[in-house]
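Following are the structures in question.
Two complexes follow with subunit A in common, the first pairing it with subunit B and the second with subunit C.
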Partner chain A sequence: MATEIKAPPYRVFNIAPAVVPGAMADVKTFVASDKIQENLGFPVFETPDWHDKAIGKMGELLGKYRSLKVYMDACVHCGACSDKCHYFIGTGDPKNMPVARQDLMRSVYRRYFTLPGKLFPWLVGARDLTREVLDEWYNYYHQCSECRRCSVFCPYGIDTAEITMAAREILDSAGYGQKYSNEIIGKVHAIGNNLGLPKPALIDTLEGLEEDTKEDTGFDIRFPLDVKGAEVLLITPSADFFAEPHIDSLIGYAKVFHAAGISWTLSSMSSEAGNFGMFIGNYEQMRKIALRIRQAALELGVKRIVVGECGHAWRVAYSFWNTLIGVGDGGKDPYAIELQKQLDHRYKQPMHICELTWDLAEKKIITFDKEANDKHIITFHDSCNVARGSGMGDTFGGQFEIPRNIVKAVANHFHEMPEGTTHEQTFCCGGGGGLLTDDLLDLRVKGSLPRMEALQHVVDAHGVNFMACICAICKAQFTKVLPYYGFDRRLIGGVHQLVSNAIKLGDK
Partner chain B sequence: MTMTIMFAVLFYFAAGLFAVGLIYRIATYARTPAPLKIPTTPAPRTRFGVVMLMAREVFFFESLFKATIWTWIFSAMFHAGLALVLLRHLRYFIDPVWSWVSFIQPFGLYAGFMMVAGLMGLWARRFFVDRVRYISTPSDHLMLALLITIGISGLVMKFITHTDVVAIKDFFMGLMSFSINTLPSDWMIYLHLSLIALLMIIFPFSKLLHAPGVFFSPTRNQVENSRDKRHLSAWASKLDSGK
Partner chain C sequence: MPHIEVNGKSYETDEEGYLLNLAEWNMDVAEYIAKTENLNMTDNHWEVINFLREYYEEYQIAPAVRVLTKAIGKKFGPEKGTSQYLYELFPYGPGKQACKVAGLPKPTGCI
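== the complex of A and B ==
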């Protein structure tokens, strides 16, 4: 694959591309080494009994997940989803159509778990799980970012993300893990964050930030770490600690806490909001990662848990934490009960940083100088996991309104991208779901095509020069792929980066 | 008389398999836990909201409407036609015929044409849209062929060859009280009935499970209240301990 990575041309009409069979067949993300696999207690490849393990796992998951069971049976091949996936739009590979991606597994399901598939495999498109099929699974189930756009359009709500997660779980059980995700999960267990930043490095970074913001603003804005008895524990993606433009949003959060006079802290033990356990569809891993957060909250004695700008982290926090670790309505084990007593239930638990900021802004506890953002002409990219996997506030669609309200409160120039590319129909950035790795760069560039087209539209129509979002993966992905489409990489940034520019610190 | 007996046996078998198979499937769906909250958001925040959403999906195919208008049109024609035809057919199985079943008889007539036209449109997509062609399996084509043949054989009986509907009603009323009345010997009705038996037999093993499946889809039937109410399945609650 020595060919140069290039952005595909924009489509002349907004219609699906013609299918190009096999276009992405050879795109294969790096496989996890034995060491990475063993680290998570997963088998290594190629285990002699991979076939039976995989089929056994599939049977187990079919009994554990209603989603998988119903979705394997219900699809009628109507094609409603077939032109909805950004990877299909960007690559034309028909196996990147959601229905065809599901069929990679459905064909095997039919063969081993249904009567017609056992009797007449050719009739219903059933096939044995061979090495070739397993390789095909590996390649194409790592070309899905689990963004759920297909599930919006499916008449039965079939969610390819559920099937991709199950497929990755089965692949892991056969020893065929992905290097990127599984290595990162290992780092979280060992160190506490995806990037493997140890405590001294964190202290160093945060102290540097305090000096920089002091220089910039003249105020003593704190970036506290491991402060017992703080009001808020902020759980944020570790990219916020050092990556551009993420760090500007971290500064924004700190300024909000400062201006509102809320004491807060980060945790060195639990310095990661992201939860790659979800990406690989492994409940136990996901739970284990989430448990670190509960532990940190208990040890630090905080009253509130607030989550920073990170899409899938917010999905896990909003939709799953209550189930996994009892943050929300509360669990039944002793630690969950203790935490439930400790938390302040006048506030949503967990709370998104945007919910917190917007609430303060509405109450005029924090105020803004909108003109400070006048150089920015802004659009908003809905991150897929926030849009379709979570909510905010108490109203239907709060996850769309609240971040937009903040942007409009802190800046004067805001323009929406075309309908059908925002809100619940938003296009994934192209790098979510465990695909944000350089060995998949070609896929990532192509997968961002529909978002880039929508962006181009507002750039041409309104001169947009800033795309705000609330996801660490989106930020990293766009920083990388924007130049392929001829845009400046600094066009992407966080909502709290804009907050940071405009928030009034002193005169309050 | 041999034909009558054969069809009697066939229909007892088909009906039995259909009922048992479908109940078994539905029971499996109902028993399989959904361990996590996965509604496709934004989703309704109340049970009532979910019921309304489900009604819109089942009666109006709302998501499909958002997805592709042509498939929606053909699909609506087919399913609405099918529903009317089936309701109209109730007259073969109840006596005296309920007044609303009599009332819809005239509409049901056109519904047969609408159903077949919708099916033809859906089938055309399988040939002319390259994406849909790519995903179509032989069973997808055969399913459409089956339904179209059922529909056309019915329409042929209605408008061309005509058949003894009173005798057919006697036959089915008889089956329901375990007595056997002679079925008219007419090749069109033999065709119509054999294919219907086949449809009933494959129903619990095929993609026709989309009909019960839609009600069990967690992305559609869950309330979005994950922060306010804990959702826990049996197997997940076993892990629920430890720090």
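== the complex of A and C ==
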């Protein structure tokens, strides 16, 4: 690291920061190599026709997604979004205001796709897509975590995340891909998960977990892999097999299945919940990644598909799996129809692990020893894609209530962070949307400022020492950035980590 | 391509200084990379590095943090079998920083 990365100071008043033009202009995440691009069937950079490819793709997207065209046309620059982005709050760079981020594309849109912009570009803020503009796009569209907080405040409902996704899709079409996301997508296609964790390593890890849980609990908690005829296929982020604190939630899921007597399995072929195809706004990649799940479900003959603690995975599962792969209603191709027939529709398809656990807890099929979590004074961080891109249960806002209900059922001490920083107004962890890479650490530290302020509030007021969440990216991001703000990295953990501590395994 | 020079020999790396060719790794290269990470290599560091390389050879990926802590604890004593101990050795995170010194590719994903 060339320059020392430091956390910005907390704000005295939670208002818009002083503007620092160009503060983050040079922050550029690593560009995908030709090899990484070719692996995905993407063009490489920089070919002479990049400009025409980009404008062509933009026209295609504007024709395909009415929302994008509305977002380009509708903004009246009212400013409601301007101070709602964690990256603007943390960096002060005015181009990290959502409206300015949108305008990077809007100005080009006007030049090529509106009459006034074609005739009098200087009158309507229209500009050519030059190489400089493309670089600006690359840098600032990789300073957006697609968290959608700004869209909550926009009177027109303009979704900056969708604009960012479109921008990245256009960049990819010109060959200008991001190394982090595109390398990972290549690994999923080749090996089956973001980590590139091959089957033998997965077996070794799961066997180790069985030994550990036996030692810890005295019970034979299984971590089954590729078991045909299992009731449940668990699709969870591969970080759950690899990283801390993620793995503690995996142990929690296994204990829930064990205690409830539900047969379940993981799949070595489809060992990833995450779907970075969404981050880069590429439908075909998103579908290709998701199809592994369908294939695994069909091959294993499972009756239910349950998704582990992964924020954007749940958005993809909840909102897109139905038409993408036929989990839920909507898929029309023969395999989707076959899968529909196979799945047990007495249960939600797909189901979030929190829905499963809470349902079992409500029916008293699983019970808890709350005192086991007494050392934890807990708060809950809503992950953006769960909060603003999905739902849970049968009631409005279930995605907020169900994880909290679980935490309150398994522990005695729970405190909310201040209003305006949770539920649908939650602040991103600072590492979502394909930005969880070391080369963006400075941005990630700065972008977590508003969340850290809110956390500090409950730490001071209630002595909170555990922030629970249900997202692998949030867990990894906080583990890394918490120390910059003077907190212990182990302050972050999963909801099912708490479940794991408290669940009763023996005689009920 | 970026590269590092060790004892007059050039080694290709990625943008972040991870060695591209696993087979080129040797102890001098490890010492060199460690220095760029502000690490002072001790026997304790080498125990971890050697285990990582053995594991990688068998499984083609670095071990999960939990697998690593358990193995180190078993091999070298329970006081070393904690993630806290590994973080003390490799403050940037045992997963990534130790892999870098061991000449292994960087683990990617939500970690």
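Just so we're on the same page, the second predicted complex is superposed on the first by the 506 of 508 C-alpha atoms of A that agree within 3 Å, B and C clash if a C-alpha of one lies under 4 Å from a C-alpha of the other, contacts with A are read in each partner's own complex, and residues count from 1 in each chain.
We take it that contacts are C-beta pairs under 8 Å (C-beta built on N, C-alpha and C of every residue); 3 or more make two chains touch, one makes a residue touch a chain.
Predicted model only: the values in this text are computed from it and were never measured.
Clash-free side-by-side placement of subunit B and subunit C is the outcome of superposition onto subunit A.
By the touch criterion defined above, A:G196 lies against subunit C but remains apart from subunit B after alignment on the C-alpha atoms of chain A. By the document's definition of touching, of the two partners only subunit C reaches A:I473; subunit B does not. Contact with neither subunit B nor subunit C is seen for A:G277 once the two complexes are overlaid on the shared chain. When the shared chain is aligned, subunit B comes close enough to touch A:P116, but subunit C does not.
In the superposed model, B is the one of subunit B and subunit C that contacts more residues of subunit A. Once chain A of one complex is fitted onto chain A of the other, the partner contacts of A:F396 are limited to subunit B, with no touch recorded for subunit C. In the superposed model, A:D212 lies in contact with subunit C only, and not with subunit B.
In the superposition on chain A, A:R148 makes contact with subunit B only, while subunit C stays out of contact range.
Minimum Cα separation between subunit B and subunit C in the superposed model: 24 Å.
Per the touch definition, subunit A reaches subunit B in the complex via residues 16, 18-19, 21, 62-67, 69-71, 73-84, 94, 97, 99-100, 103, 114-116, 122-125, 148, 151-159, 162, 283-284, 287, 291, 294-295, 298, 318-320, 322-323, 326, 328-336, 348-350, 387-391, 396-400, 424.
Those residues of subunit A lying in contact with subunit C across their complex are 30, 179-180, 183-184, 187, 193-198, 200-201, 204-205, 208-209, 212, 237-239, 241-244, 246-247, 274, 310, 436, 438-439, 472-473, 475-476, 479-480, 489.
Those residues of subunit C that touch subunit A in the complex are listed here as 15-16, 58-61, 63-67, 70, 83, 87, 93, 95-96, 107-111.
Contact residues of subunit B toward subunit A in the complex are 25, 28-29, 32-38, 40-42, 44-45, 57, 61, 63-64, 66-68, 71, 75, 122, 125, 129-132, 134-140, 142, 202, 205-207, 209-210, 213-214, 216-220, 224, 226-232, 235-237, 239-243.
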